[in-house]
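Below are two complexes that have subunit A in common, paired first with subunit B and then with subunit C.
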Partner chain A sequence: MKVCDIIEKLGLTVFSGEQGLDREITGGYTSDLLSDVMGNSEEGQVWITLQTHKNVMAVASLKDVAAIIIVKGFQPEEGTINQSNDEDIPLLGTDMEAFEVSGRLYELLNN
Partner chain B sequence: MRKYLADLHIHTVLSPCGSLEMSPGRIVQEARNRGLDIIGITDHNSTRQCAEVVRRGKQEGIVVICGAEVTTKEEVHCLTFFEDFDKLQQFQKYLDIHLPEIENDPFKFGYQVWVDQQEQIIGEEHRLLISAINQSIDEVEQEVHRLSGLFLAAHIDKTRFSLISQLGFVPPELRLDGVGVSPVSTPDKLVRQFPWLHEMSVITASDAHMPGQIGMKNTCFLLNEPTFAEIVKALRGEDGRRIVRD
Partner chain C sequence: MEFKYDVEGGNFAKAGHAASAVKKVLKQLNVNPKVIKRVVVALYEGEVNVVAHAFKGRIIADIDPSRIYIKIEDQGPGIPDIDLAMQVGYSTASSKVREMGFGAGMGLPNMKKNADKLQISSNVGKGTVVELTTYFNS
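And now, the complex of A and B:
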């Protein structure tokens, strides 16, 4: 499954990083502690978080995640959006909470 | 110039987690007993107990630097300090605007009161002070520096509520005046753990919530006089002012 597929199926907003929409998804990781994501996320995962800080993109790039979903309708900061475009890692958004979007993504990836 | 001993991270009775014994009088008394010259008052997201500690400090010959321990939107704890009451009050207004309306439950979290010289309660904060304010770390840093204050990342080595735990690393654009090390570590250990910190001013402080913790960890400054302006110089390593390690 590619990033563009989950955008449609989960009704996600695309903030930035459109060049990365055909990235392949291998799984998901939900966490708001960037130190934890640095240590435990894996390449190709979709990272679900409420953090909007620019450091999110640096961690995403380091771990080569497929995309980031920002939950609860939060807006990413300008620096975060700019870096998402530079890195071609899509920054996505949803009004759902992390619990719900994680569950729905899990279902999509495992069926 | 001479050495001055400072503990720049002390909570008062106003912090919900601060002991009710942490009255201004008791804090200043303990500071004296511990041989401290300078103390920093840093309650969670509030500066409202500072003025009375300053007054007590003047009586007892302890210099009090006023500020707050701010919890940013990312749940990073930051130490902030201001030169005078005017700046402190402006920062209090900023905190009042950005602290969310989450009611404190004193039975779960503790009382959030401030007291006068007779240790009579003169005010109570009803909003939970340990909430995160709705401002990013960059926004808080900019506001503190707009008010010519000092901005430090608190207990940066902690696995929760620290800049490292929450944001993974120090954002390159963030203007830190220094970082604090938690009471369980030391500046040397910290720099071994995070080698990029060697260029930064590292302060050690107690993060005292109870009288017995005051001054258990402290920072030795080489200053001309114990003032806010001199501490600023020491953190920047200007004019020979600096932090002295044992």
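And now, the complex of A and C:
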């Protein structure tokens, strides 16, 4: 499954990083602790978080995640958006909470 | 090959700058992507620790065909008890830093897990030196 497929299926907003929409998804990781994501996420996962600042993109790009979903309707900061465009890592958004969007993504990826 | 990067305490906007630069260099050198990941995880954590806990620092990355050696030297409060600091969950991060999602007390453990060699020495009230070595065909 590609990033563009989950956007449609989960009704996600695309903030930036459109060039990366055909990235392949291998799984997901839900966490708001950057060192946890740094240590435990894997390449190709979708990272689900409520963090909106630029360091999120630094972690995402070092770990080569497929995309980031910002939950609960939070808006990414401008620096985050710019770096997402530079790195071609899509920054997505939803009004859902982390629990719900994680569950729905899990279901999509495992069916 | 030697590369040097300056790190500013408190400047989170620039945190990860050195790790990202080193990642590009290692990619160009065709280092195994799995090894690159380990190097950048350890370096990123060291870099962020300078930003979060110290005043300023300097990173030197020395690359030869067999390994990368990284030295992260800072001027800052130092670490009074290194064994305690190495424990998962131990953190003195401020509440502002925690709100950003730092301060899980996982940075040093991540460095230990991802480097082949990790050495930390610290002078309380002066600063900290972290040395990381990772071999390319490990």
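The rule we apply is simple: the second predicted complex is superposed on the first by the 111 of 111 C-alpha atoms of A that agree within 3 Å, B and C clash if a C-alpha of one lies under 4 Å from a C-alpha of the other, contacts with A are read in each partner's own complex, and residues count from 1 in each chain.
In the analysis below, contacts are C-beta pairs under 8 Å (C-beta built on N, C-alpha and C of every residue); 3 or more make two chains touch, one makes a residue touch a chain.
Just so it is clear, the model here is predicted, and its values are computed rather than measured.
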- Message: In the superposed model built on subunit A, check whether subunit B and subunit C fit or clash.
- Response: clash
- Regarding the shared-chain residue A:Thr26, is it in contact with subunit B (first), subunit C (second), both, or neither? neither
- Message: One more residue to check, A:Thr13. First (subunit B), second (subunit C), both or neither?
- Response: neither
- Greater subunit A contact set [subunit C / subunit B]: C
- Message: Output check: A:Ser35 vs subunit B and subunit C. Expected answer is one of first, second, both, neither. What do you get?
- Response: both
- Examine A:Glu43 and indicate which partner it touches, taking first as subunit B and second as subunit C; both and neither are also allowed. second
- Message: Tell me the contact category for A:Lys63 with respect to subunit B and subunit C: first, second, both or neither.
- Response: second
- With the two complexes superposed on chain A, say which partner A:Asn85 touches: subunit B (first), subunit C (second), both, or neither. neither
- Which one hits subunit B, of these parts of subunit C: 20-28, 74-82 or 110-118? 74-82
- Going through subunit A, the residues touched by subunit B and also by subunit C turn out to be 32-35, 38, 51, 53-55, 58-59, 79
- Counting only contacts in the complex, subunit A reaches subunit B at residues 32-35, 37-38, 51-55, 58-59, 77, 79
- Contact set on subunit A toward subunit C in their complex: 32-36, 38-39, 43, 49, 51, 53-56, 58-59, 61-64, 79
- Would you mind writing out the residues of subunit C in touch with subunit A in their complex? 12-13, 15-16, 19-20, 23, 37, 40-41, 44-45, 48, 100-102, 104-107, 109-110, 113-114
- Considering the complex alone, what residue numbers of subunit B touch subunit A? 73-74, 136-138, 159, 164-169, 171, 173
